[in-house]
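Input: structures, listed below.
Each of the next two complexes has chain A plus one other chain: chain B in the first, chain C in the second.
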Partner chain A sequence: MSSSPPPQPFKFPREHSFPPFFTPQTNLTTHHAQQTKWSSLVLSYCRHHRIFKLSLSDSLSQSDLFHNQQINRRLSPQHQRSIIDFLRKEGRAEYQKENGGDLVYIYWRTPEEWAGIIESWIEETAQKGQVLTVYELLEGENTRGSEFYGMDREVLIKALNVLVKRGKAQIFGQEDSLGVKFF
Partner chain B sequence: MGTSTSKITPQDQAILDLKTQRDKLHQYQKRIQSLTTRETEIAKQLLAQNDKPRALLALRRKKYQQSLLAQTDSQLEQLEKLVSSVEFALIQKDIVFGLQQGTKVLKEIHKEMGGIENVEKLMGETADAIAYQQEVSELIGGRISTHDEEEVEAELEALAAEVTGTGKTKTPAEELPSVPNTGFPSRQQEPARQEEQQAKVAERREALLT
Partner chain C sequence: MFLKSIDLTTALRPSYLPDEDLLFVQDNVGLYEGKYKLPNHQNGQVYLTSHRICYVDKAEPRKYSVALHLKHVERYEFYAGFLKSSAKITLIPKKRDKQHASLQHQQQSRSSPEPSPVTTATWVCTICSFSNPVPSNFDPTSANQHTSLPPCLACGIKPTLTHVLKAAISNATHHNPPLPPPLQSPSPIRPSQPDPEASFQCPRCTFLNHPSLMSCEICGAPLISHNLPSDLTQRINTESPGPFLNNSSFPNRNDTPESIKLSFRGGGEKIFYERLKNSLTQRKWLLQGAPPIPSSSSSTPSNPSNPSTTNDDIPSRNKMGGIAGLERQNLAIRQKNELVIGTAFEDLEALMASAKQIVELAESFARQQQQTKGSSSSSENNTLLAESVSDQLGLITTKDIVGNNSGGNSLYLSELSRTLAEFLTDDRKNILRKSGGIISLVDLWAVFNRARGGVELVSPADFEKAARLWEELNLPVRLRTFKKSGVMVVQAKERTDDQTVKSLLAWMKDLHEFPPEKEVAWDWRLFGRGVTARDAAERFGWSIGVAEEELEMAEERGVLCREEGIEGLKFWENFIDAGEGKGYKDAATLESERLIKTLKDVGML
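Presenting the complex of A and B:
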């Protein structure tokens, strides 16, 4: 994504340096606590780096999220999937394709939350009844500095569709030159 | 979607087309910008390798791209101007429509009032009716006419003169209320007396003034 990486590195929580954190726990209560910790870690990590779409295999091998080199621990693919499933149950993640696959949207803000942010931005800048291009929302001069500047296009379109359902917006135009009209 | 497709007017479509064009120019500019930075780097590298002619070539390419960039800038400006004029024209259209509506309503109201002559006629009739009403109430209520009023006032004057004594030669000192020398009046009597006295004083004053 075109967003510049934040200057300070992400501060991992204490558990991340705790070797058992990387092994699925057998005790049910502990397991649940572990899953909760992991999901909130994934969310805050993605929020910090503005990651909208996570490639499961890539993130497993490349990023420092699922792999702590200091303690030489790496999450197993199964465990990673189970965390993603845990997030999905909370509505905080979604596979790009229905049947799974490698790419997962991580909703540290759900499309509904994004829709609210966009709506209030439209309200603040008095752009009701205006036609805006999707590109303009993502990369335009006007949106520079707004929270959705440089966000993932597909997530943005999901958010816009939420607004469409509420009757607050209308998407039109061709696939490569989508426009939105706000009401 | 689909249910409210009608909300998108042809103007919206036109604005979108313009804006898409503008976005494309934006992207083009980005591309050229990245190209120019690359050309500079290439020139630097070539210079380090002591390949002057090719470094020059790279710099020339960069120059050309920069001129393109300037051109796109002016084109972008044109497009943005057009977009804002279209948007402004839409607003103007709304305003004209609003003015039209307002005038129409105003005209209708005027029509209901039925023209200036009618209003004049109505006002005349109103004045007539008021005058007539006054006459009637004078007749019925026996309102005192100015002539009667004068008579009443003359009578009042005569009475006042009688009360104060015919001569109006009294000095102001004599006019002050006399100090009561009868001892304390009983409680019920007091207010009555005072009122009486006050009335008297007022009467005298009036008599003097007239």
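Presenting the complex of A and C:
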């Protein structure tokens, strides 16, 4: 899922090695602080590893995000979901399917933010009025080095749709060979 | 001085003298000195004891509480109340105490020094309560059964000789007329400038007489104009219409006042009067310092004048069994009683010496009498029993002891509440400290009722209500309800949640310093370690349930946070919320705030 492994490992915050951090708190205020800390941890973790989609069922085993092996504490699936829900309320996560499911988009950048980045890239490289394929945007020579290089295709399409709504782009073509025209 | 300030116990009740018994309590009572209200003594509880009458102010108990020794009381009068004027009991101090004051009072209040004592003496008809003048030729010293007495002027019924005699004597012993009970008139004050339309209200029957008349047209009472201070016309509005005593206008009020009145605004005056009468008859204060009474069964040679002394030894010599023995025993007891009563009334000395026994006898007679009367008076009976039993324990609030008022048994509850507080703070029993400064209400209830010795037990409902009153009454203990389990506990007032939290936090800080017993994966220097309710219970000497509740209370305050693991529930110092959650408000609050803001913007608020 991550494109290029980062050179240095992710530095977890202090709380990640605090045992009670893995237990849902009952005190509302503390609970809120816990959720805020967890969600920012999830976002920065995903940003660090360039994770766009999180699978709830195997994220437990595959990542050290929700499982601190050092202190032998892990976050229960219910608690994970409650954190995802917290992120969703802030517009920072979205289930792939409407009614929940396993896959979650983590928006460490929201589609709107991505749209802004693409738009400024188009402007900087003077490609207004040009037609680019989605593949070119993701994997092309020109986009290498830009922030959205190698990003999740579905998230990219969401971002492009935002641009369409703003009247800055037009999408055409078939499922596999989508083309975008920027104005 | 007649009224003395007194010491109060921790529960804001008068501390009793040795051998002093509480007889009655009534709340909502005000004090009068003579005719005027005593400022700051207008709403309080009155405790009638065997020795004193104590007034404990409700608003400022430590400042304005006073007591009055019954031994200084010469006479007492009862006034049943009329319309807005509440029932009152007047206490008149002993003559030698008050001579000085009353003389001065006379000079102050009377312009004409020649009173007409004969006409002012009145007797109140027992049939129609009309005040008749005592005939001028009536001489209390020579009167006997054959003295002819005039019938009542209103109803024509002849009074009894003793009735008139009493009236005449009470009049003769006081230079002042036995006061046209001034309190009877709801507004006894005359305007300071006499205007021609003004009429003089009779202080006795409230008839408005022409100002030039010297005596009332209706009842013949003398119309005496008092030199009232002018500032009294500006009346302070209180719940009762009487005027207040103004300190400045009575420079000599350190002297014994002419009389003290207790105004019963919440009822209860009848029982108070009855018990006052009893305690003035019993004169228990005489027992103080009295030598121990030589028991009559141990025949003393110092009492040779007693011919029956030798009889006492007979039953003990001839031991008999069966019914005859019982009868003998009864006979002996009766003889003993007779002896006690006989010697008691021989002279005053003897009475003083045997007062204690006499009191006991009187009580037991009363008990027997009531037992024979049947169950109708069983509550009275209970009172006596309760009094005698509970006195030994120092627990003296029973339902019968307090007065009734319109608010149901609220007075009973507040007294019970005070008793409980005293019970808890009593250093001898040390109930709170024994259980780590905190005791559950149920346990306390059991302990308390056990201490009552199985008599006059307090019902759980009353007990809880009384415990809830602690806060309101500002007593040194408090009732705490745990949020989660609803368990109610009792603890000293100074032990607040803040203090508990503080001690918990200090303990948590210690855990950063001392390494845990076994190796832990996390940085204990940074986080310390988790503690269970058991750890806390061991550390602070609480019960486990209490420890759980205290830890959760600290968690509720955001000081601790929890960790649920295989080792059970542990509590940690809160490192999760370092201020991030401060601004947190739940959705409902946010919603309502948003709504208010919009409404304000629109201009509707």
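Here is the rule we go by: the second predicted complex is superposed on the first by the 181 of 183 C-alpha atoms of A that agree within 3 Å, B and C clash if a C-alpha of one lies under 4 Å from a C-alpha of the other, contacts with A are read in each partner's own complex, and residues count from 1 in each chain.
Heads up, the rule we're going with is that a residue touches a chain if its C-beta (ideal position, glycine included) is under 8 Å from a C-beta of that chain, and two chains touch if they have at least 3 such contacts.
Not measured: the values here are computed from a predicted model.
Enquirer: Based on the superposed arrangement around chain A, label chain B with chain C as either clash or fit.
Expert: Verdict on chain A: chain B and chain C fit.
Enquirer: Is A:167 touching the first partner chain B, the second partner chain C, both, or neither of them?
Expert: Touch status of A:167: first partner only.
Enquirer: Considering only the touch criterion stated at the top, classify A:177 as touching first (chain B), second (chain C), both, or neither.
Expert: first
Enquirer: When the two structures are overlaid on chain A, which partner does A:70 contact: first (chain B), second (chain C), both, or neither?
Expert: After superposing on A, A:70 lies in contact with chain C but is clear of chain B.
Enquirer: Which of the two, chain B or chain C, is in touch with more residues of chain A?
Expert: After superposing on chain A, more of chain A is contacted by C.
Enquirer: Using centres of C-alpha atoms, tell me the angle at chain A that chain B and chain C span after the overlay, to the nearest 10°.
Expert: 120
Enquirer: Answer with first, second, both or neither: which of chain B and chain C does A:32 touch in the superposed model?
Expert: A:32 contacts chain C only, not chain B.
Enquirer: On the A-aligned overlay, A:135 touches which partner chain: chain B = first, chain C = second, or both, or neither?
Expert: first
Enquirer: Look across chain B and chain C in the superposition and give the shortest C-alpha distance you find, in Å.
Expert: When the complexes share the chain A frame, the smallest chain B-chain C C-alpha distance is 36 Å.
Enquirer: Considering each complex separately, which residues of chain A are in contact with chain B in the first and with chain C in the second?
Expert: In chain A, no position sits in both the chain B and chain C interfaces.
Enquirer: Taking the touch rule as given, give the residues of chain B at its contact with chain A in the complex, in rising order.
Expert: 1, 4-5, 7-8, 12-13, 15-17, 19-20, 23, 26-27, 87
Enquirer: Spell out the part of chain C that touches chain A in their complex, as residue ranges.
Expert: 521-523, 526-527, 530, 555-556, 558, 561-565, 570, 572, 574-578, 580-582, 584, 586
Enquirer: Where on chain A does chain B make contact in their complex?
Expert: By the definition above, chain A touches chain B via 130-133, 135-136, 139-140, 164, 167, 170-173, 177, 179, 181, 183.
Enquirer: Please name which positions on chain A make contact with chain C in the complex.
Expert: 14-15, 17-23, 25-34, 36-37, 70-73
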